[in-house]
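Report on the structure given below.
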Amino acid sequence: MTDDKKLKEIEAKIGKIPQIFKDLKDLSPEMYEMLVDLDNMIWADGALSRKVKKIIAIAVAAALRDTHAVKEQTAGAKKLGVTDEEIEEGLRVSFLLAGMPSYMYGKIAVKDVMKRE
Amino acid sequence: MTDDKKLKEIEAKIGKIPQIFKDLKDLSPEMYEMLVDLDNMIWADGALSRKVKKIIAIAVAAALRDTHAVKEQTAGAKKLGVTDEEIEEGLRVSFLLAGMPSYMYGKIAVKDVMKRE
Amino acid sequence: MTDDKKLKEIEAKIGKIPQIFKDLKDLSPEMYEMLVDLDNMIWADGALSRKVKKIIAIAVAAALRDTHAVKEQTAGAKKLGVTDEEIEEGLRVSFLLAGMPSYMYGKIAVKDVMKRE
Amino acid sequence: MTDDKKLKEIEAKIGKIPQIFKDLKDLSPEMYEMLVDLDNMIWADGALSRKVKKIIAIAVAAALRDTHAVKEQTAGAKKLGVTDEEIEEGLRVSFLLAGMPSYMYGKIAVKDVMKRE
Amino acid sequence: MTDDKKLKEIEAKIGKIPQIFKDLKDLSPEMYEMLVDLDNMIWADGALSRKVKKIIAIAVAAALRDTHAVKEQTAGAKKLGVTDEEIEEGLRVSFLLAGMPSYMYGKIAVKDVMKRE
Amino acid sequence: MTDDKKLKEIEAKIGKIPQIFKDLKDLSPEMYEMLVDLDNMIWADGALSRKVKKIIAIAVAAALRDTHAVKEQTAGAKKLGVTDEEIEEGLRVSFLLAGMPSYMYGKIAVKDVMKRE
């Protein structure tokens, strides 16, 4: 399967591919290849749907206080049709396990993504 | 509503209540009250089911390398009927966002909980 | 007690309420209610004064490399009359337990807050 | 000033010196020297008392989910006369900024230290 | 190339393969396959030698306060001939960027591994 | 040895001194003194070269998702002659131990530093 087809597959799974991921094709082709395969495996519908996986990713990124990743994951999630209510309830788990700022950064990300897109 | 009834409600929602949570009733009654209400709100079925919330909690705890919390969450998840496959796919998201050890600690927790219960 | 009165109480305790906290009233009223009560409990004068609690919060946020939270906590602390020397000595504990960048982000926050206000 | 005198000074400031710190004298004398001076500076009474610094250290260690450091700091704090109520209120700040497990690990540490000593 | 040959290759590169990694072959064959390829790529001699990569891994694991990973990485490093002095100097970087406990957990791991093997 | 000479020594070892570090001379002279000595010890050529130490520092900062520190360390590394390939291979270790975003933030930092200088 060509790289471009693989990338299209990932986009269908995660909603939106970050620019830095695309840049990696030139910056580090070997890692790029590996990550394309990894992403294709991890985000596929399986025991959990890709939507649920996105909600998990937002909650995890928020718990890690990784505001950049929260925004990227949220942008993708929106394109897959994940609702604000679903993200809210995922973020509450982050609040409980990782504190109020985690939750707040998630809420800010949702607001930012809604405004931007 | 009495405290005992509230605690039963939480148990129905999260599968298993950690011992330290129960101890808190004596150690710090004011925090205990607050956390009982917080838990009852956060773990309720809503836009996401309590099962999905447990899978999120395991992924978040694993991403934080919080092996103690991973085990507690996994023990509760098992009682709610969350499957190994669902946990596996949630942990793969932790792997991607937080590294191989996160994933591994999740797998070890699942093995430990299965053996113990 | 009305919400507005509770919010005023929190402001007296923490010095300054972040915008996102206020937004939460519309974004997620249920969480807002809970957090208002939680904040009112946690920041009250007790065995520790609200000033000491703010110094702790700055040190914790710095240790977590949470530059956003460091700035919010520092802005509030300044309004409560916490001194630069007190923040400095709290940040030294963060330095020891969480590394030089933690300390540095705290120092940068203090400088930024002083300039801004 | 001799090393032994410096170490005694640190002990007076932090309540209890961890074994690994003492081992460092042989394992890595250069780092040991540096850390002795660093500890002597950071834990001295100043704008904040050594007791308040210990409470900060417990809150920071708990926020980092560093259960080992929480126990060491708590053991020292107890020897300096820090009360359970003071630790409790510091840990509530950790709860708010870093999540429920942070708080719980602090409570468990206090219980363990009380039993042991 | 057969799986066993790939595993032998990894062992040559990292010194020692953790048990949980081997268990993964049964627990999650798809992830196992992926991780075998990933490990083979990441740990190969290249612009950096496998020894230097191990020193980096110890410093990173220590900085993350991941005592389990520190021990696994140190055990592997020892088999590759990494010296105590090299680990010490890598851990000093962790000390500066992530605090004294990070450094201390590294030192404890080295002591433990030396005793055990 | 005068302070200026010590600072020059550090610059030779780490490639570039962050502005906040210089500001510390006025903001907190006591900490400044201590950190100058600490830096001079930690970054000296020894069992590991200063170049290898920089690669470790970039990997550690990336693993901690500390994008500010990643950029500072990368700017210094470039001045010491550390190559892109060496940073890439160090970041792969961060990827494995701390997840894809860690790696990505390192790659973004390298791109930013190259453009700026």
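Each chain carries a letter (A, B, C, D, E and F) given by its place in the written order, and its residues are counted from 1.
The rule is simple: a contact is a pair of C-beta atoms (placed from the backbone, for glycine too) under 8 Å apart; a residue touches a chain by one contact, two chains touch by 3 or more.
Everything numeric here is computed off the predicted structure, so don't read it as measured data.
*Asks:* Which chain's C-alpha centroid is most distant from that of chain E?
*Replies:* In terms of C-alpha centroids, the chain at the greatest distance from chain E is C.
*Asks:* Hey, which one of A-E, A-B or B-D is the same interface as C-F, over half the contact pairs lining up?
*Replies:* Residue-number overlap above half with C-F among A-E, A-B or B-D: B-D.
*Asks:* I'd like to verify one number: the distance from the centre of chain A to the centre of chain C, where each centre is the average of its C-alpha atoms, in whole angstrom.
*Replies:* Using C-alpha averages as centres, the distance is 29 Å.
*Asks:* Rounded to the nearest whole Å, what is the centre-to-centre distance of chain E and chain F, using the mean of the C-alpha atoms as each centre?
*Replies:* For chain E versus chain F, the centre distance works out to 22 Å.
*Asks:* For chain A, which residues are shared contacts with two or more other chains?
*Replies:* Residue numbers touching two or more other chains: 38, 41, 61, 63-66, 69, 88, 92, 95-98, 100-101.
*Asks:* For a test of understanding, state which residues of chain A touch chain E in their complex under the given definition.
*Replies:* For this pair, the touching residues of chain A are 30, 34, 37-38, 41.
*Asks:* Under the stated contact criterion, what part of chain C meets chain F in this complex?
*Replies:* Interface residues on chain C, with respect to chain F: 65, 67, 88, 92, 95, 100-101, 103-105, 107-108, 111.
*Asks:* Under the stated contact criterion, what part of chain E meets chain B in this complex?
*Replies:* Chain E residues touching chain B: 18, 20-21, 23-24, 27-28, 31, 35, 61, 64-66, 68-69.
*Asks:* Enumerate the contact residues on chain A facing chain D in the complex.
*Replies:* Residue positions touching the partner: 63, 95-102.
*Asks:* Touching chain C in the complex: which residues of chain D?
*Replies:* Within the complex, chain D touches chain C at residues 38-39, 41-42, 46-48, 52-53, 55-57, 59-61, 63-64, 66, 69, 83, 85-86, 88-90, 92-98.
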